[in-house]
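Notes follow once the structure below has been shown.
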Amino acid sequence: MTTTKKNQAVFVVAGLAGLALVALFRATLDDYALSLANFAGIYIILAVSLNITNGFTGLFSLGHPAFMAIGGYVTAILCMPVMKKSMFLPDLPAWLGGLTLPFLPAMLVGGLMAALVALVIGAAVLRLKGHYLAVATMGFLIIVQVLITNWDTVTRGPLGLNGLEDLTNLWWVYPLVCVTIFCAWKLKFSSLGRSMLAVREDEMAAQCLGVNLFRTRVMSLAIGAFFAGVAGGLWAHLITAITPGSFSLIMAFNIVVMVVVGGNGSITGSVLTAIVFSMLTEAFRPLEEAWDVYGVGEIVMALVLILSLIYRPGGLFGSREPAFLRAREE
Amino acid sequence: ADDTIKIAGLFNLTGGMSSIDTPGLNGAKLAAKLINEKGGLLGKKVEVIGYDTKTDQKAAATGAKKSLADGCVAGLGYGDTTFVMAAAPLYQKKGRPFVTSGATHPMLPKWVGEYMFMAPFGDDDQSYAIADYTYKKLGARKVVVWTDNSMDFTKALSKFFKERFKKLGGEIILEDFFMMGDKDFSAQIARLKKAGADAVFVSSIPNEAGLTTKQIREAGLTLPIVSGDGFDTELITTVPGPKLANDVYFATHTYREDKRPEVLNFIEEYKKEYNRPPENAFAALGFDAVGLIADAIKRAGTTDGKELRKALAATKGYKAVTGEITYSRPSGVPMKGVSVISVKNGKYKVEEVWMPAK
Amino acid sequence: MSGPEQNKNLATGPLLKVEGLEKRFGGLLALSDYSVEIAPGELMGLIGPNGAGKTTVFNLLSGVLCPSGGSICFCGKDITGQRPDQNAFSGISRTFQNIRLFNDLSVLDNIKTAFHMHSGKGLFKTLFNLAGYKASEKEMTEKALEYLEILNLLEHRHTPAGNLPYGLMRKVEIARALAARPKLLLLDEPAAGMNPHETEELTGIINLIHGKFGLTIFLVEHDMKVIMGICERIQVINQGSVLTQGSPQEVRNNPEVIKAYLGSSTD
Amino acid sequence: MDLGYVLQQLVNGLILGSMYALVAVGFSMIYSIIRLINFAHGDVVMIGAFATLGLMQLDGVPFLLVALAVLSVGGFVGVIIERGAFRPMRGAPQVTGFIASLGVSIMLQNLGILFLTAQPRNFSFPDYLQTLLNLGPVSFRVIDLVIMISAFILMAVLFFLVNRTKLGMAMRATAENLDVARLMGIRINKTILATFALGSSLAAIAGLMWGGKFGQIDPLMGFVPGLKAFVAAVIGGVTSLSGAMLGGILLGLAEVLFVGLLPPIYSAFRDAFVFGLLIVILLVLPNGLLGSKMEDRA
Amino acid sequence: MLKLNDIHVYRGQTYVLKGVSLEVGRGEIVALIGANGAGKTTTLRTISGLLTPKNGSIIYTPEKDDPPWDISGAQAEDIVARGIAHCPEGRGVFAQLSVRENLMVGAYLRNDKKQIEYDHERVCHMFPILGERANQAAGSLSGGEQAMLAVGRALMTRPRLLILDEPSLGLAPLVVEFIFDMLAEINSQGVTVLLVEQNAVMALKLANRAYVLENGQVTLSGPSDELARDEKVRRAYLGGE
């Protein structure tokens, strides 16, 4: 075990290096590359936070995009200027119609709303396990999607909210990425995180050691949901539009793929796969465009996915962190 | 390179919207090819680069940014408003024009800004056209409206139809809903059967057009089926088969069964290039979108965004495959004729061409 | 460790009092009218033929199963129908017949998990390093190492538990159960899969924790050497109900027990 | 709401449900043998549909022969998928197989788009299958009847195969413990392949029915049946074949009845209702309708 | 009948068997004892074909006049077919299958219906509980009942050589005695037995010969009564003084 000071030093240095990197990116990259960097960051937040739910506690949740949608819509509505609100959403309740929050508090409220919904949903469905839970969370996702699609007064239905301000940029995304990773890391190497891992490994044994299954599960779902909600806010204000169609089962699958390929429970794995996967799809663009063979990128991606699973069936990092990062924690 | 003018074709070539969007890109590429065969533009070749945005808003945003970074002077694409909303504002911000080939929401130019143009008519126009036809020509007074509630396009279509039909004095006796991707409409049909309507308005995209027609007819119902350009697809005759593809009327872009030379030429070239007739109206619209941009470049004599925008806005009487285009309205939606087409025993016939009031 | 608490309970009668416990699985009556009393500090054995219901008794005591009838009183408190984690918190800790370790976690982390209920911190304290979080983590590691030392497992502390040989897994389970600082420790066939030599070592360990920590232990075992050697009192169950109970000597010579369970080979 | 109307809805639900059931049974079979959630199962439905389309364009091939050919195409595809993707990762955690099947599914869909284009194709069966039958207030087509009857016959054959034959016994033994099954002399690779082939051929024939019923197919059509099969199988209790069948029928009925019996405005909320119902079922029966209720043994 | 020559086996990265040689003669009962993790299970799994040795040969001669056959590297399925039945560690009953079905899976490779029925009856006679619980799911049997089922199932393959991995694990003394009696009886009917046991006392009592495995190597071997008297064995495996 090393000293706290060294720990803090590492974080400070990493933080500074990150800031420098962000500044460098902003100075040198074009809009396209910047937006890739932004999306990669958002995917890191999504994958790492889902890893808390799916990886640490072993809850097979397909509901992540639902929390993202909740956070996204809440943030978008809270950030929208009153003028625009009265035009787009004239039927909003007065207190909401007249309210505009800055970006950060709006995102936090979005995250908290998502976490709140996760608490309620979790209380109901977290008695289920494995596939039963997967189907229940998938059902939750579809229900949220249907409700958003049909709740015209607040969400404008399938059209969604558009013309949002482009508030999201690297200065927002990467600090939040750091916060997410920090929280996940802190959790994983704490007593609380161990109890989550224990629940994943063997529920009954964990319970017999005094771990409150229900509380642990609900908590890990809610933590994941909070970050998903925040990521939703970033997402909406990066695209500047938010529609129910974005938060689909396909997106749920994408995030789960990142978590599993990186390694269930491995934060490093989630971060790396989130970056690689969100970049790799773009890597095939030039080829597809030049040869007019759209879909080849997807096929190659799928092949890469299958091969990586054949050679690393437990994910790239298993449930661990690489040794040079882990050393500090033990 | 400097000897090509790049135009971005942003379409969902994979994923759920691919059947609608792919023909759009095909049409656009064909247009570029024909222009180049005739010597290109401003002495340069035109290239339409296809960006696949995977039926995903994230990919739409990054695809648009990539196209801008690639130096495309203008963008075109999409058959659905929600994707336009992810891509077009980026063009607006960069000061380069974006022409949607297939999104028909009449508010689009308002929402995005002055760099946003539409190749098709607005949903209000086509809904009014078919509403007029249903009330006046088909003599229907009581109709049932079916709406695909998962899409903005279909919801808007129904909204305008109901508005117009009620104004004309008709009655909407029942509204029913479904979601994109539904395959089974038996419940809606059972209700339709009981309603005793004179006609049913089915607001759907091409994927459900053939399915709904087939199932309504199979259930033994013979009332007229009316719809908008979502029904402009071969599926409407092939899926139910010629015997059941009967008494269907839809409003669409004025190219199907039209004998104007530009239409005939387009269809012939399309067949030559892709070995099949245009799959749906979006092929023609993609073709027209490129044509509009090329026409503006020619008139502007430059590819500079600001000049190009001015030239586009000044488009007057451009002879597009889908009808003459003039941006004369304050809304930015072109004034175009709307064809009302009937299907009888699997055969299409243009019943009338409806013109919006000035 | 649980020393001081132990003494407090000594004065107040039995540590565990079970009356008329019953468990049904569908049509099967796995346990009927089962009663037992265990005094603080006692080392009691539970034996019986396969399928007699021993594990079921443990499952009911630890809260893994809900009884169909009867009552369980622990430390003078009725704990019938409580969840396993509540029981663990009250001070009942157990091992499993089919080892249930957290296979992907290191041996050390397995042990540390047991500390969570007593000294684990909540979400916010964990995330923001609040109120003794650091100290508590440090303390956990130190304590865990202590337990590993007692059971001679120190050298394996970084091995993932799933990679250990069977015998060591059993010991890790015992260490983990001990780390939960129980008042009552339930051991379900701890010597299964061990050879006589290893069994002897285990017996030593059980004696040690019994003596050193004054822990109350309830032990299920088929190895008569272990049972007869260390238990003060033995209860025999057969087909879900109590056959007899008494000192090892009494039980060993009970003809019914011999007939139902021991057979001729009582060495 | 008169009785005839309700009856009609019930029949419609049954027809849809029997197609779901057919896909779900194959899905559950594959799941129970190697604990694989095979999301590519739905895409085998798509392949079956396109195979039918292709075969029907050959003139003079009798319909029954087409059906048989489609069955074998499905089986063949199943075998290829198993050998190519799933066998190399046997023994990996469950979720790994699930993710790999997503990969396979993406591949099949995009190969479809690449080679067949994304355009929906029409799909028409001979006229005699399209004849309308009226039975009192209830009407349906010959094809509906054929679908229902053949779905049930196929499922019955499957049940017999699994529960009464040696192959079935081998399947069930393999499902529980690969190593021990080998020790009994069971060739697990062959058994698993056979399971894949059987399950996939059911999916392919469901594709034929799907196409025949709706008259329109496209390369992405597999997603919905695949998803429904997953849901139906889980509701039924994942490893239980009869559960999968029940789950499929229930799902079909729920979809039609929610739209049919609630006021029209709720039609758009259909999926929310259906999934809400499923969640409620799972909360009451956490192991599905017919899932094994053996409690966790400590 | 069975001869292992210098077998080396890896499990993953772990080098487990470091040159094991042993021999089982026709009609014998041979015991293999050793500490936890010594590699006993690994040895048995290698014999039955679930693991493949890196080096060495396993020569199996089903019947006296059969040509010797090197089964190292053969498939488990083929090895069972030639008469080696393996009762695995932890019993491995098929929990969802009924007791009767479990036994029938044992006879999977056989087609002689009559003989199968006959063997089934014989097994049920040997272990009456298996007859009584014929239709119960095997997973709901108690530990001892499952052990009997596993032995019975192995017998259903009509083995020439029966190898058992810790059959007494977790069984009541009475049942252990019973199982060992049954093994003696099975052996007297002409089945050769190779037995891995932690209960070394009983194993040595039953067996003709025994091997001691330590750290992946055979360190001692000989007639079992001799081994039982050996000082080292007594101290390490038999316990007590």
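First chain written, first letter: the chains are A, B, C, D and E, and each begins at residue 1.
Following the convention adopted for this analysis, a contact is a pair of C-beta atoms (placed from the backbone, for glycine too) under 8 Å apart; a residue touches a chain by one contact, two chains touch by 3 or more.
Source: prediction; values computed, not measured.
Undergrad: What chains, if any, are shared contacts of subunit C and subunit D?
TA: Looking at subunit D and subunit C together, the chains touching each of them are A, E.
Undergrad: Where centres are the averaged C-alpha coordinates, which chain has the largest centre distance to subunit C?
TA: Measuring from the centre of subunit C, the most distant chain centre belongs to B.
Undergrad: Nearest whole angstrom, what separates the Cα centre of subunit B from the Cα centre of subunit C?
TA: For subunit B versus subunit C, the centre distance works out to 73 Å.
Undergrad: Would you mind pulling out the distance in Å between where the CA atoms of subunit A average out and where those of subunit E do?
TA: Here subunit A and subunit E have centroids separated by 52 Å.
Undergrad: With chain centres taken as the means of their Cα atoms, state the distance from subunit D to subunit E in Å.
TA: 43
Undergrad: On a C-alpha centroid basis, what's the spacing between subunit B and subunit D, in Å?
TA: Spacing between the chain centres: roughly 36 Å.
Undergrad: Indicate the residues of subunit C shared as contacts by at least two other chains.
TA: 25, 62, 64, 96-97, 100 - these are the residues of subunit C that touch more than one other chain.
Undergrad: Among the residues of subunit E, which are close enough to touch at least two other chains?
TA: 140
Undergrad: Multi-chain contacts in subunit D: which residues touch at least two other chains?
TA: In subunit D, the residues touching two or more other chains are 110, 113, 268, 271, 296, 298.
Undergrad: Report the residues of subunit E in contact with subunit D in the complex, numbered from low to high.
TA: 48-50, 75-77, 80-81, 85-86, 88, 92, 94-97, 101, 104-106, 108-109, 137, 139-140, 153, 157
Undergrad: With touch defined as at the start, can you tell me which subunit A residues reach subunit B in the complex?
TA: Spelled out, the residues of subunit A in touch with subunit B are 30-36, 39, 149-150, 157-160, 162-163, 166, 235, 238-241, 243, 245-246, 250, 281-282, 285, 288-289, 292, 294-295, 297-298.
Undergrad: Spell out the part of subunit D that touches subunit E in their complex, as residue ranges.
TA: 166, 169-170, 172-173, 175-177, 179-187, 239, 292, 294
Undergrad: Quick one: in the complex, what on subunit C touches subunit A?
TA: For subunit C paired with subunit A, touching residues are 62-64, 83-85, 87-89, 93-94, 96, 100-105, 109, 112-123, 126-127, 133-134, 136-138, 140-141, 158, 176-177, 180.
Undergrad: What part of subunit E is in contact with subunit C in the complex they form?
TA: 33-37, 140-145, 166, 169-178, 198-202, 235-240
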